[in-house]
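Some structures are shown below for you to check.
Same chain, two partners: subunit A is paired with subunit B first, then with subunit C.
Our next item is the complex of A and B:
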């Protein structure tokens, strides 16, 4: 753990120094707050327009169910707004960290010290995920708790938070593989961003969500599950997409580890 | 008489070189060396895009200061990177302190320090912050102040790394390599960015560190004068092939025996005169003020008087004759001449 701590410290001091990381986190926090405030003040119709096909029966149902639904939506909407930024911030951070390491020789320096390549790679993948995902979730949780106190559901929070973190990991691991194969920061950031904008912002309405889409975008599945009280999406489907996404991210990290092991520095 | 007086001046100059003391100290520590190999390279080959960078290199290095010599592109850095586990060889094995450099690279890096050619250190960190970070990774290490003193960087601890001069940056590289009581320090072109004074300081520092704390060095460089000054043993790498290796003085003796440098005011004219003499073989102008000749086992006095007799009345001034016994001459023999052949 000491070695991970050292690498993370260097990355935070050197690469993500003021105002880079702070600006990104501030932007994300602001986006999350807007999401929560909008959901909490404008009412449930915003959620319906955002996350499912407009359906008047459904809307009435949610309106009748009342305030609790709205609260959950607030927590969901914050990180979803944040994801708009995260989709380009994570590939950008991975590009700055992994690809740039090849370009400026930081990997060579790091691997002159007793760090294994796995430790270096894991730190570089984990830092953006933790630095960006956790503030988003925390902001949404706190803001929702303040604006609509007492209406946070543990299962919903858990499912959505896991889905959100899984997507962040998937974005980071895909970017890491691209970074290691290309060793080019421009390619890493641009391709990483384009892939995930395409995946996350193509809307596939339930209930006919293909498994692969569910794995690539568990956020969409979990939002549909949270919003849809009619049961169009089952909990098992949500869990499948969640676990699938996490497995995909882990597999990609393992691939990145193999690639990095054989990469000449 | 005029020429003779110049010989005396020349000899006096050589003896008064401060480096003599350093040679004495090298001789002392050579005797102290153990016979164990700290680095063992066996049949290492490496190809980049079908271009061979290393071809079956075999090399065993004892504790001390080793210099890997070769022109740019000879494969020096590749060999160093393989030794550090940064790249994999196509064939062969490198053992550092008895450990396989590929399988145990992390363990090896706990025991060594590295200064890469064109190293990259986080430019926004302060010198002390960076060294503190390096120090935290090592189980035992000197204090930062002591490290900075060793590399002559005292007073620069609060400077940002990005604001350091090339020489200071290089010395910082040496300081970070010294963190943690390393057994071997790998230096890749350690003085390439430095001026003469900077090179001199680094060379002295390497010797001092070896003599005081017993750390061994593996230095890759193409600056021969500096390697001759500090290295106990050397290896010559040309186009990925290890042409020769051994103790520095033995290598120099082996390749320059019978070769002399004649310092003169007119090398071209002297060359024409000496080329006609059977005693002087393989004459060539080695630089603007000297020619190199192979003479054989003659005494220096005999050679001197012979050359003086030959140039008498020609108006050519002789400034001195000395053994062409330097790594530079060995480099000419081993690298350039063999390439031409």
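Our next item is the complex of A and C:
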């Protein structure tokens, strides 16, 4: 753990200089806030034609459901707005970290310390994911808790947060493989951004979500599940897409590790 | 150094977002018959500006209820036992800012006052800047700035001490 900490410190010192990372985090906080505020403005709409001809229990149920839907939309929309920036930022950060490392000799500097290539690569992938995903989720959670307290449940928070982090890991690992194969920062950032924009912004409505699409974009299946679009998506499908996405990310990291081991620096 | 910049950066993000209204307005609009109620629920984050216009009819009543009161109204089928945060009865026109007790979801209830059909518009807008974002934003920027300046001063003092010792 100490070694990872040292690598992260070196990366932060040499690559992510002040205020590069801080500005990105502040931008993401801003985007998330806009999303949460937008979604948590509109609540349920009721038209009562008279106070005598409606079922009050049913009406209260509809109202409470409306409050919950409003809260969940806020929690989900914040990081979704953040994702618009993350799809750009992660491939660029990976390109700056891995591809540029071959060009500016940062890999040589890092490997002159007693760190293995695996440790260095893992840190380079984890830094952008943690630095960008966590502020998004934290902002969304805090803002939703302030605006509409008491309507957010643990299942929603866990499923969406895991899906969001899984997508970030997948973006980072794909970009890492491209970076190691191309050793070119322009190719890494452009291909990484284009691939993930295409995947994340193609909308496949439930229930016809193919498994491969679910694995590539577990955020979409998790949103469909927690917003309960007519029960079209089951929990098993969400878990399958989540686990699939994480396995894909791990496999890609293993591939990147093999490539990095055999790459001359 | 990093932490100070991060705190100030997040503060600036809060400050900027406190001035940005969300797309899509809030409000209640339409025709309403005597004895009917039109209820819209919106998340309010501070004081709100309310504009009422009556296009047709003699007068409408307008109430702003908290979530608890809105649920009580639905349960009891009457607005009588509720304590509206703001109410206007038999009004044809209004424009002003209403204060709400805390951030939360509020119900905006419109009904006719006379036994006639009323055609009306009630516009609701949050007052900007939003204080729940502005105040923490200002505090974070101030903390970031103070920490940043303090750290710089402390480093300079330390350098000065080392320099004077060397002399």
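Assume the second predicted complex is superposed on the first by the 242 of 265 C-alpha atoms of A that agree within 3 Å, B and C clash if a C-alpha of one lies under 4 Å from a C-alpha of the other, contacts with A are read in each partner's own complex, and residues count from 1 in each chain.
We adopt the following convention: contacts are C-beta pairs under 8 Å (C-beta built on N, C-alpha and C of every residue); 3 or more make two chains touch, one makes a residue touch a chain.
Quick caveat, the model's predicted, so the values are computed rather than measured.
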Subunit A residues touched - subunit C or subunit B, whichever exceeds: C
Contacts of A:29 with subunit B and subunit C, given as first, second, both or neither: second
Touching partner for A:14 - first (subunit B), second (subunit C), both, neither: first
Contacts of A:265 with subunit B and subunit C, given as first, second, both or neither: first
Partner chain(s) touched by A:109 [first = subunit B, second = subunit C, both, neither]: first
First, second, both or neither for A:38, with subunit B first and subunit C second: second
In the complex, subunit B residues that touch subunit A: 81, 84-88, 105-107, 109-110, 113-114, 116, 118-122, 124-125, 129, 133-134, 136-137
Subunit C residues within the subunit A interface of the complex: 1-2, 5-6, 9-10, 12-14, 16-17, 20, 22-24, 26, 33, 35-43, 45, 67, 70-71, 74-78, 103-105, 130, 132-133
List of subunit A residues in touch with subunit B within their complex: 2-3, 6, 9-10, 13-15, 17, 104-106, 108-109, 111-116, 262, 264-265
Contacting residues of subunit A [partner subunit C, same complex]: 12, 18-19, 21-23, 25-27, 29-30, 33-34, 37-38, 40-52, 56, 59-60, 63-64, 66-67, 70, 146-149
